[in-house]
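First subunit A sits with subunit B, and in the next complex the same chain sits with subunit C.
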Partner chain A sequence: MKTPPGVSATDFAAALGQFEAAVGKEWVFTSDEDVALYRDAYSPFWGEPEERVAAAAVAPGSVEQVQAVVRAANRYKIPLYPISTGRNLGYGGSAPNYSGSVVLDLKRMNRVLEVNERSAYALVEPGVSYFDLYRYIQEQGLRLMVDVPDPGWGGVMGNALDRGGGYTTHQFRNHFDAHCGMEIVLADGEILRTGMGAMPGSKTWQQYKSGFGPWVDGIFSQSNFGVVTKMGFWLMPEPDAYLTGVVLVPRHDDLIPLIDILNYLESSRVCQGISELSSPVMGLPAADDAPPVSPELAALIVKAVERDTRGLDEFAARKGRAAWSCTLKFYGPAKALQAQWEFAKDKFAQIRGSTFVDGALIKLPLSAEQKEKAHKVEFGIPNLSIFSLGARNANNPTPTNGHQWFSPIIPRSGEDVFEANRVFAQAGREYGLPVPPFSLPFCFWERSFLFLFGFPVTHDVEKNKKTRAAFTQLVRIAADHGWGEYRTAPAYQDLIMSTYSFNNHALLRFLERLKDAVDPHGILSAGRYGIWPKHLREGRQ
Partner chain B sequence: MNRREILQGGIAATTLSIVGGAGWTPSSVSGDARPQSLPVYKVIFDQRVAEAREFGREMLQLGLAVQPIDGDMTNLWYDDLYPRWRQSPVAIAGLTAHGPLFCLERLAWDFGMRVVLRTDHQRAAKGSFGRALTGQVSLLQAAAGAGLADDEPDALISWVIAPVTRPLST
Partner chain C sequence: MKIVTTTMSTAIAAGVVLTVGALAADQTRIQQGHEVFNKWCAPCHSAGPGNPGTTALETLYQGGKPGALEQRNDLTPETVEYFVRNGVSIMPFFRKTEISDVELEALAEYLARPLPK
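== the complex of A and B ==
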């Protein structure tokens, strides 16, 4: 059995005894076999000394038990690492930032405490997965939609606290933004409720977000200031219908007006779903089984990235392929959706040569057959189908163990998409980094684009070393251009926090002051998102 | 290794597990955790792959309940395994790609189950397969006797997930 760093074997044994007294002997895990289940399956340090691993795990079944565990941990200065379901693969999974921590596994706290159909909200415990909440809503016959990530086996609360996202409308697919009210066990065991929950007997904890005074919810996301034990979420009333429409534009530089119009339509809520950009001429996004890009096209793409687009435009015209397409997605009343799509077409028609493809209007609720055929996440149906991808094929001869995502946020404009591609392509050439010839941005978040480069995670130490070096290089290059990551695996959290360095790292220094004040022994999630307690900071900066 | 051999390997691994019963120790929990002796509830196969389809037919002929998947195990999990495991954990076996097993293994952990036997079949040159077997030593020896080699890694995996009893920590 591993012992937390700086903790004597005697103290650790005493703490484990108190954990057992609090939660029951069967819910304290110390054997190597049990603790190994908390390894991060996608760790970029898999099998290396730097891999972050737990010393033990404890699984409380109630808020009172969480309080008891936290108090015991404080007494013996045991580092804890709370997880909800621990399935945020690619972002750390259930492994701690700080090796030797005791995982505070909240999976047993898996009650859906309330779902209110009339007011369209849910209140859940940490161990409630998207499958659990979806099942509850289906079994109760409620006309509500859960916005789910892909894959959907993770925790509703954990994904939101990690600031993950989904696939339906603006208001719901930013999962942290969709929350309303929290309950938190602080490092000293005290319980705090945020928003309207701060008022005893409040009738609106899940209906009004900010309560009175400073709205502190944000500091409990991507952080380590408390253990969130309840969280409310606004849910989408099941819409009447869903509609898609596709706009195609002929020239490479048409991306600029295309995105400007898209921004207008999204910011005006004319279209609400997650828009998808693609490039028919470049064959992007490329399917696993897509034929290889011809040398002619590859050369034209390189030139276009360097802003010489004539060749690619001529190629597109010759082949009869659009330069870009954008799929818009609409949720709402059927009659309104048709009108909204017509309005969108009128706007895009300003781009010379634009054409349109009308999608089929789908009335909700979906039939069982429709559910099978649908892109499930767009209808709030959790699934694990993503794990059936990545099978061995001609373009993917050695499937990997998963991915870590380099995910900078860039401005939502065509010019910035071109500039980011130019910068990353140049970095790829200069440093031999695995940068794709052209990367499409994603529209997950409002008002900004997300770039996503998936780096394979393997169990090959040498390959993982190279990947980490490339990842690190790209983070620095992105930061030099003002593009920051929105989320990352523990292995890179210090690195990325170091890029948020305005005014001599004022943000991090403020967070450290908060940490020292609310968790003076530094027992909660040491190092999470770069926030280390005082006794572990020395020598790191 | 040809198609017939991978089929035989999958069947041998699975049926060994089924008849083996108590006394296994899963490779991933090789300490004191002890699998309980329970019947196999379902045998799962990836119907995208010819060898797995043939495996499914063979297991059906052995009188086992079989369940095809097309690589995605979501419906199997949501409609069948989750409700069944909520009642009580029961063993499952299969011949699938890595992805479905990866999911099923992790979901099974929450019900006190582990992968207790796993055979990796690697697609080698010209579409043939090699194998690598992991599990308890005694079971590996039995598997070797059944014609299972342990020389190469995976593309298809035959596996068994079964309940284990876990010794308390102290």
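== the complex of A and C ==
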């Protein structure tokens, strides 16, 4: 059995004894075999000495048990690492930032505490997965939609706290923004409730977000200031209908007005769903079974990325393919959606040569057959089909062991999409990374684009080392251009936090002061998102 | 003789009761295993398109075996338990707070049961 660094065997044994007294012996895991199940299956350090691994795990079943475990850990200065469902693969999974931590596994706390249909909210415990909440709502026959990430096996609370996103409307896609009220166990075992939950007997904990005074909820996301044990979420009342519409534009540089108009439509809530950009001429996004790009087209794409677009435009005209298309998604009353789409078409018609494809109007609720055929996440149906991208298939006969995401945020403009592609394609060539010749941005967030580059994780140490070195270069190159990542795996959290360095790292220094104040022994999630407690900071900078 | 016969009859009856009881217990465990499968495995390993685990196994076996786990007749409990606790390729392993040892035994029994002919 491993012992947490800096903790004596006697103290660790005493702490484990108190953990067992709190949660029951069967829910304290210390054998190598059991603790190995807490490894990050997609760790970029898999099998290397630097891989972050746990010393043990403890799985409370109630808030009171969480308090007892935290108090014991605080007494013996045992590093704890809370996880909700531990399925944050690609961004860290269930393994701690600080090797030798005891994972505080909250999966057993899996109760949907309340779903209120009239006021459209849910209150859940940490172990509730999107599948669990979806099933609950379906079984109860409630006309509510959950905004789910892809894949949907993670925790509702954990995904929000790591600031994940989904696929329905603006108000719900940003999962942290969609939360309303938290309950938190602090490092000394005290319970805190935020927002209206701070008032005993409050009637509106899940109905008014900010309560009174400073709104502290944000500091409990991507951080280590407390153990969140309850969290409320606003849910979308099931809309009357769903509609898609596609706009196509002929020239490469038409992306600039296309995005400007899209931004207007989204920011005005004319279209509410997650818009999707694609490029018919470049064949993007490429289907699994797409034939390889011809050498002629590949050369034209390289030129276009370097801002010589004439050849690609001529090729597009010759082949009769649009340079870009954008699919708009609408949720709401059927009559309103048709009018909104017509309005959107009028706006896009300003782009010379634009054409349109009307999608079918779908009335909700979906039938069982429609659910099977639908792009499920757009209807709040959790599923795992996205793993098809990495799993073995005819075009991917030798799959890797996982992936890691490089995910910078860039401005929502055509010019920035072109510039980011030029920069990342060049970096990919320079550092031997599988950066595609042209990458499309995603529209998860309201006012910015998200680029997502998935890099393989293997069980080959040398390959992983190369990928990490290249990933590090990409982070630095992005930061040099003013593009920061929104989320990352523990392996890169220090690196990425170091790029948020305005005024000599004023943000991190402030967070460290908070950390020292609310968790003086530094027992909670040491190092998460680059925030280290005082006793582990020395010698790090 | 009568006493012996009575004793034997009682023993046979008890045996029948025990056998029926054991069968019922097996059925309950297999049902539990089915539920574990539906909750944890089905989103990737159900039959049909769009299930990444099924597609992966179809690609691997090239028609030699079914891709859908519930259609396999060669799975042993040990094989099922190994992959749940060790993962393979991009499939991660599962912790005991997700699938307990008891649930895993039931799942293994369900997937290793003889298929109806």
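The definition used in the following text is that the second predicted complex is superposed on the first by the 528 of 541 C-alpha atoms of A that agree within 3 Å, B and C clash if a C-alpha of one lies under 4 Å from a C-alpha of the other, contacts with A are read in each partner's own complex, and residues count from 1 in each chain.
One rule holds for everything that comes next: contacts are C-beta pairs under 8 Å (C-beta built on N, C-alpha and C of every residue); 3 or more make two chains touch, one makes a residue touch a chain.
Because the structure is predicted, anything quoted here is derived from the model rather than measured.
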item: Side-by-side fit of subunit B and subunit C on subunit A, or clash; value: clash
item: Subunit B versus subunit C as contact partner of A:Asn174, first or second or both or neither; value: neither
item: Which superposed partner A:Asn159 touches (first subunit B, second subunit C, both, neither); value: neither
item: First, second, both or neither for A:Thr244, with subunit B first and subunit C second; value: neither
item: Touching partner for A:Leu37 - first (subunit B), second (subunit C), both, neither; value: both
item: Superposed model, subunit A: greater residue contact from subunit B or subunit C; value: C
item: Touched partner set for A:Ala59, first subunit B, second subunit C, both or neither; value: second
item: Partner chain(s) touched by A:Thr229 [first = subunit B, second = subunit C, both, neither]; value: neither
item: Partner chain(s) touched by A:Asn74 [first = subunit B, second = subunit C, both, neither]; value: neither
item: Which of subunit B and subunit C A:Asp105 touches, first, second, both or neither; value: second
item: Residues of subunit A at both interfaces, subunit B in one complex, subunit C in the other; value: 29, 33-34, 36-37, 41, 107, 131, 153, 382-385, 387-388, 390-392, 399
item: Subunit A-touching residues of subunit C, taken from the complex the two chains share; value: 39, 43-44, 50-53, 55-57, 59-60, 85, 87, 89-98
item: Interface residues, subunit A side, partner subunit B - complex; value: 16-17, 20, 25-26, 28-34, 36-37, 41, 56, 87, 107, 131, 135, 153, 382-385, 387-392, 399
item: Subunit C partner contacts - residues on subunit A that touch it in the complex; value: 27, 29, 33-34, 36-39, 41-42, 57, 59, 85-86, 89, 93-94, 105, 107-108, 127, 131, 153, 382-385, 387-388, 390-394, 397, 399-403
item: For the subunit B and subunit A complex, residues of the former touching the latter; value: 28-33, 70-74, 77-78, 82, 97-100, 102-103, 106-107, 109-110, 123, 155, 166-170
